[in-house]
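Structures for review follow.
Both complexes below contain chain A, partnered by chain B and then by chain C.
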Partner chain A sequence: MKAEGYSAMHEFWGNLRSIPNHVYRAVFRGGPPKTDRTRSSFIFGNVFLHLHSVRTHLWSLRWSTTMGLGIMTTAAFLITLVTGILLMFYYKPYTDVAYQSIKDIHFIVPTGRLIRNIHRWAANLMVVAVILHMARAFYTASYRKPREFNWFIGWGLLVTTLGLSFTGYLLPWDQLAYWAITIGANIAQSPREITDAIGITSWFDIGGLQREILLGSDRVGAEALIRFYLLHVMLLPLMLAGLMAVHFWRIRKDGGLAKPEHADERVIDEAKEFYPVFTDVPNKTYHLAAVVKGKTPQVGSGPEHTVPSMPHLFYAELGVLMLTTLICVGLAFMSDAPLKELANPMVPENPAKAPWYFLGLQEIVSFSAFMGGIGIPMLCIVGLGLIPFLDREKKGTGEWFGGPGGWKLVKWSMVFGFGVSIAVEAFAIRFGWLREWLPDIPQMIITFVNPGTVITLCFAIYSIWSVRRYNSTRAGALALFTCFLCGFIVLTVIGTYFRGPNWNFYWSPADWGGH
Partner chain B sequence: MNKNKYLLMVSSIGVFLLLAIAAVSENFLKEWQGIQSNARSTEGPIGIRLRQINNPSLNETDRCVTCHVGMAPGEQIVSRQKVAAAHKPVVHSPTEMGCTVCHGGQGQATEKEDAHGTVHFWTEPMLPAKYAYASCGTCHTPLNVPNLPTLTAARKTFERLDCYACHRVDGRGGTLRPGGNVTGMEGPDLSHVGLKGYNPDWYTAHLERSRQSDGAWKSVFGEISDEDRASLKIFLDIQMGAPRLIEAKAQFNTLGCAGCHAVGSFGGDAGVNLSLSGFKDPNQLNFANVSGERTLSNWIVQHFRSPASAVAGSQMPALGLSDEQIDLLTLYTLSLRRRSLPDIYLPKDRVKAMRFGSREFASDGETIYTAVCTSCHGNNGQGTRWAGLSPNPSITSPDFLALASDDFLFQTIKAGRPGRPMLPWGDRENGFNADEIRSLVAYIRKLGGNIQAEPDSRPRIWATGDPNIGAALFASNCSGCHGTTGGGGEGPALGNKAFLANVTDTYLTGTITRGRRGTIMQGFSYPSPIRRVLTPAEIEAIVVYLRTLNAK
Partner chain C sequence: MTTHPTEKRSRFDPEPIARRDFLGLAALGSMFAAFALSLLGMLKLPKAAVSASPAKKFNVTLPDTLADGEAFIPPGRNVAVFRDAQGVYAISTICTHLGCIVKTSAAGFDCPCHGSGFQKDGAVRKGPAPKPLPWLKVSLNGSVLTIDEESTVKSGTKV
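Right after this comes the complex of A and B.
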């Protein structure tokens, strides 16, 4: 039944006139986020934003808490995503045209060079940021209960990030790419060292299988390119996006960022700047939120030391996003992404080097393929994954270098870590290793006794000593993780700057010479 | 929390500024846009856009013509910018073949540094103008190139017989008479007859014509001696429009380089294979001792001056070359840049060299000798001694030639000396055929003053005696130079299987008896203050002992 005097035409004209208004309300359903209530609904009414909690603890907003590293990693990913999609418009993943298409992007696609440079720098920045982010999470002891699972996810994100970067390395199909991937594939083949040594390669060739799965062929060719392309533009980004969603969601579910015990008292000065602006009566209680396990900032400690995520958290996040963009664009202006000559299987690069983040591995691979390629990396990956279960102490959570030993232990661990890895490397470079002294020595012995394993063993012994010295598992973890980082840095730097043709030691690439 | 706001504001402004700068500079401030906006064609300003020459079968996309816009297809640039000038007329049209196939550099680039290939990540910069002819080697393989003296003589013959009066070669000669071809005096341009071929009966035809006609023909053309005609043939066969490259290759064929280095499927293996040495990556080379820019050509020049200063531990001796020789050899080395080509672009000479193993050097005895043997056996076969390497024997010693039969020389060249620097030049891939070896033997005789081997009616092996006595005598008299078991040292390796399988007892006894003049090997039948004279029986015993080395 229509009301008396109702005119559909009239209403139609009215609807037409108010389209802008209605569209605005349909998009911004909660009205302008002027009050705490509308700000809250702005967040939980939005599928993307509701990964954030509605209110954020002031401690989390301190620059020193996270240094923005997680957001920086995310930002770098978003930048690679945008620039990567732009590059996909021109890139052709076939061996006969891939290189030319990159050259075209470089030379004639308007701003193509800049886009590619940004993509490259963002990708490198992402690797750096993800490692630093891991270090931050470790040093602030943020992996502890209930965040063990999120540490796991983060570990997966680290591996996926390296995978993304590595698969992208091949796509330009230049000499640099070709030989870096050849090295990478040979690292995948390294279990052969063991199977060869015990003579079972002919029927159990796990190394060869790994390499073949990676390349889709027995050499780096068209199959490898299309495979890497698919991984790079689809599978790995999807996997990364999925893991990121879980990672962020877990932060919220695990009660926000890890905070020290007395975080509330320590942010009192900052809290004075903020007053709740509940001008409307909240029509939503927080009781539902209390169903969620764990200490959420909303339930556990009341709203005094929290501020609405909109806009305070978003300022911080967008700020880091734009800062990351600025860094990437700035670097892109200063330095071009490398593109050497067309890939040529007949002319090996000497030295052929893997991407920089694998050069530490390549350095120990040069001593023993199996230990460098599989043994020690597995040890590191498993060790990193298990950290939350090996250290279940409570003390120091949320504090930089928190826990027994603290900064002093980290400092001495740095001295030890740098010292041992430099000393062992220097020894091996100066005096050679077993093969040079005893040419007939079985490979098995070198597999287990080489500079890589010696460094690893020293680190392990030092950490166990630290556990006993401070009577704390956290102290052992601090020592081990610090040593791991130092070893990673030393080996990577040596692999990058001091290894020349035939993987010989050189003080400077200027001395490489060659024929 | 305001600092987050400021962070956001400042970095956003920074990003915006950088992107704005990029948008402007990438779209409006390119160097080529400036060049094109200044260029004028006959119809006024030209359209400002990217230009390129695309040749899919050569896999080339050359955007050089974006700046060198006068060379772009269909452009008639009249303004006087050097960069926009038109290409001078050449055999291969740049609008079809593109630019980089000859000049090198990076065709896809649109900026000067990148395009000229002087950037770090482009390893193959443009060829310097001085060595421009080297680029012919990208596709062509000049065949049958004589050595430099022969080439010079052939050029002189062509000049002396005044062929330039009617014929034009590489832009020289063929004087145009008023009225063009009216007088019928102009001969065809001979610049490319080596590739395109010419009438082999030209001489008879010319002579006929000169006999039949009056006037100019009669007075200009006369009989030519056989020797001169042979010389002219050499000259004509190598005309491919690249005189400097031919000269460079002739230089290569004069210094015996192929004795150690292979090019294509032929050459020695003591040195590196040179087939692609025009493509070396400068980033992989040692420039510590190279003056000037870090270019491949500068490195090659330094390498020829002093090989060890460019390649640490190089075995190649410093050859003491003149600047002109170095220049030619550098050009030739740069020309070794064969790339794979689609069939339609394969020149005949390349097909012959690649598929049929045609010789890149002329196959007369003299050229073979200078192309392959000179570096070890010397210009006149006198032998050489390079610092740090074992001495190479003289092969024109009269004592040697008097004892070495043609067959011995033939077999030695064919089978070589396994394990010694002397390669089996006949018994190897693309090795010499019998005719070539025979002409080489004849040339060696000629070098040695035409000394023929003394007739020898005895069987190859006739010496008799006690090998134990021979062994003792060898140990006390011979082993100092020839090694305790004939492995060689200062003197040749007498225990070498190929040597013993070929040599006659007459040769061995004769050499021991008479020695080799001018060497430390004195005849053992002559009295000497430092050793005793050997009797014929003792010499035979030594020969018998030497024969036993074969089995070892």
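Right after this comes the complex of A and C.
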């Protein structure tokens, strides 16, 4: 039924000629995102972009709402991903060659040193950013209904991020790596401190089992290296990517970022700059309003205070990505990632220090392996995860330091948190602890009464007092979280700057002497 | 199973045999069972039945010049061997706190990692170490000592 004079040959030539045009249109299906319609289809037509909603509330775009910290974490992760894959070209996870391959990357491979430095800096930045991002989600009370689940996912992201850093630390197989992981693996074994004290280790040795599964052997050796490598380049990044996808998707499904009650009125001035808000009526709407719980921008309030995510949100995100890249590359040019001597199982590095974000832990571990390495961290991790279920109030959601007590309570909690942790540490450094006074004291007493547990107890009592004082669970959460951050900072600073050889106290690393 | 084909059922009546339900549940159940079983199998994998580590038993000969109570460290071993009037004995130099290697000092042993200190017989002197340094089993065979890093003996056992 072809028309008269039809020539397939002719059509073929025509198709051939228009290939570039058609390929372009197949890839960029919606055309340039210039109208509301094409901007929308730009987003929902793309599997990655559609993790965002099509329109974004002006409140969410305010710098003070997020400070870009979540995106900065994402950006740092993407940078470690790219540089990490490049490092894998040369890195060999075997104990006899691992150290040499890092040396090669550092000194021989073209741009190897820069890539390694960027990887190291981006990893550090990611840890800082994820902690700050968590603090911002906490202080703006953004974890409340319906966002409890996303707080959970974020919690998983935090743990996975720390796991990634820890596993990466072993890979260079230098002195720093070897002894940090030896200590880390023995922390996993430290429940023996308890099982030994009650004399059940011979048949219930959970500590020994944990250590053996982590190391694949009874020492930090070839099995441990390959296990850490597998976790570092495969398992944990995949887990992180999966959790991140859920994390972003949940933001969208929970109706965008948390907003204070009168957010619409408060962005009125900004809204004026975006006139006209609609260039044309969207040709596609999701009829999700009925199935999505919570407020989407389309439910209950007009779309006037939302703007198209393309370009307003995307350009902001791109800006943060570029800033993060700039920071990492800049730092990478200024400062090299460390590499000590080859690992030597006979002579520990002195002092043997873990990565900086674990030095607070190492500080309390130096009082009791079990309490410092497992007991208190578990308490913190579980406590952090449960925050949204312990504080179910409504007041102050989406507001910085929102809720009863507010900034004033946070300020006093900082005074208390810094004060208590510095005072207890100073006391222990100056006067020693129980064993120095009573050499025969049972281990159980030291396990349960040591500077770490004393600080934790003070924080707990103060937080309960805050719940009563303000008659609010949110006040207790504000107090506890602030104290936790302060304690973390104090212990980390002491562990990093004031502990030298033999874990003795020094006013400055310059006094460390011959090491 | 007892319905007669002649019996007219209203479409609002529940199906007497929920055949789809049964098949669905069977599929679901077998999936979970398979999942649980394979998970159990996989969980067994990371714990090796035999761990690949170098032999824990080794032989040493103490130098004749070794003084009373002076430590001898066999090359490549985290063990300190001593000789005194009562005999020879070996003490592990792996710190019982978190596994760093202790150094011998005037007071006994000191750990560089978190400042644990031990007496000359391995008893805890200071710091976070929860247990004394273990004494290791030594067997004498002429002048050759065999030390077993895996079997500990009571503190004070000299041969």
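The rule we apply is simple: the second predicted complex is superposed on the first by the 502 of 515 C-alpha atoms of A that agree within 3 Å, B and C clash if a C-alpha of one lies under 4 Å from a C-alpha of the other, contacts with A are read in each partner's own complex, and residues count from 1 in each chain.
As a convention for this text, contacts are C-beta pairs under 8 Å (C-beta built on N, C-alpha and C of every residue); 3 or more make two chains touch, one makes a residue touch a chain.
Here the structure is a predicted model, which is why all the values come from computation and not from measurement.
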{"item": "Partner chain(s) touched by A:L318 [first = chain B, second = chain C, both, neither]", "value": "first"}
{"item": "Contacts of A:F333 with chain B and chain C, given as first, second, both or neither", "value": "first"}
{"item": "Partner chain in contact with A:D218 - chain B first, chain C second, else both or neither", "value": "second"}
{"item": "First, second, both or neither for A:Q100, with chain B first and chain C second", "value": "first"}
{"item": "Touching partner for A:N350 - first (chain B), second (chain C), both, neither", "value": "both"}
{"item": "Touched partner set for A:E265, first chain B, second chain C, both or neither", "value": "neither"}
{"item": "Interface residues of chain A shared between complexes with chain B and chain C", "value": "347, 350, 501"}
{"item": "Of chain C, residues touching chain A in the complex", "value": "46-48, 51-53, 76, 78, 97-101, 110-115, 124-128, 130-131"}
{"item": "Residues on chain B engaged by chain A in the complex (per definition of touch)", "value": "1, 3-5, 7-8, 11-12, 14-15, 18-19, 21-23, 26-27, 50, 61, 63, 108-111, 114, 121-124, 272, 281, 284-286, 288, 311-312"}
{"item": "In the complex with chain B, residue positions of chain A that touch it", "value": "61, 63, 100, 103-104, 107-108, 110-111, 113-114, 270, 273, 307, 312, 315-316, 318-320, 322-323, 325-326, 329-330, 333, 338-341, 347, 350, 501, 512-515"}
{"item": "Touch list for chain A against partner chain C, complex", "value": "179, 182-183, 185-187, 190, 193, 196-197, 209, 212-213, 216-219, 221-223, 227, 345-348, 350-352, 362, 365-369, 432, 435-436, 439, 443, 446-447, 501-504"}
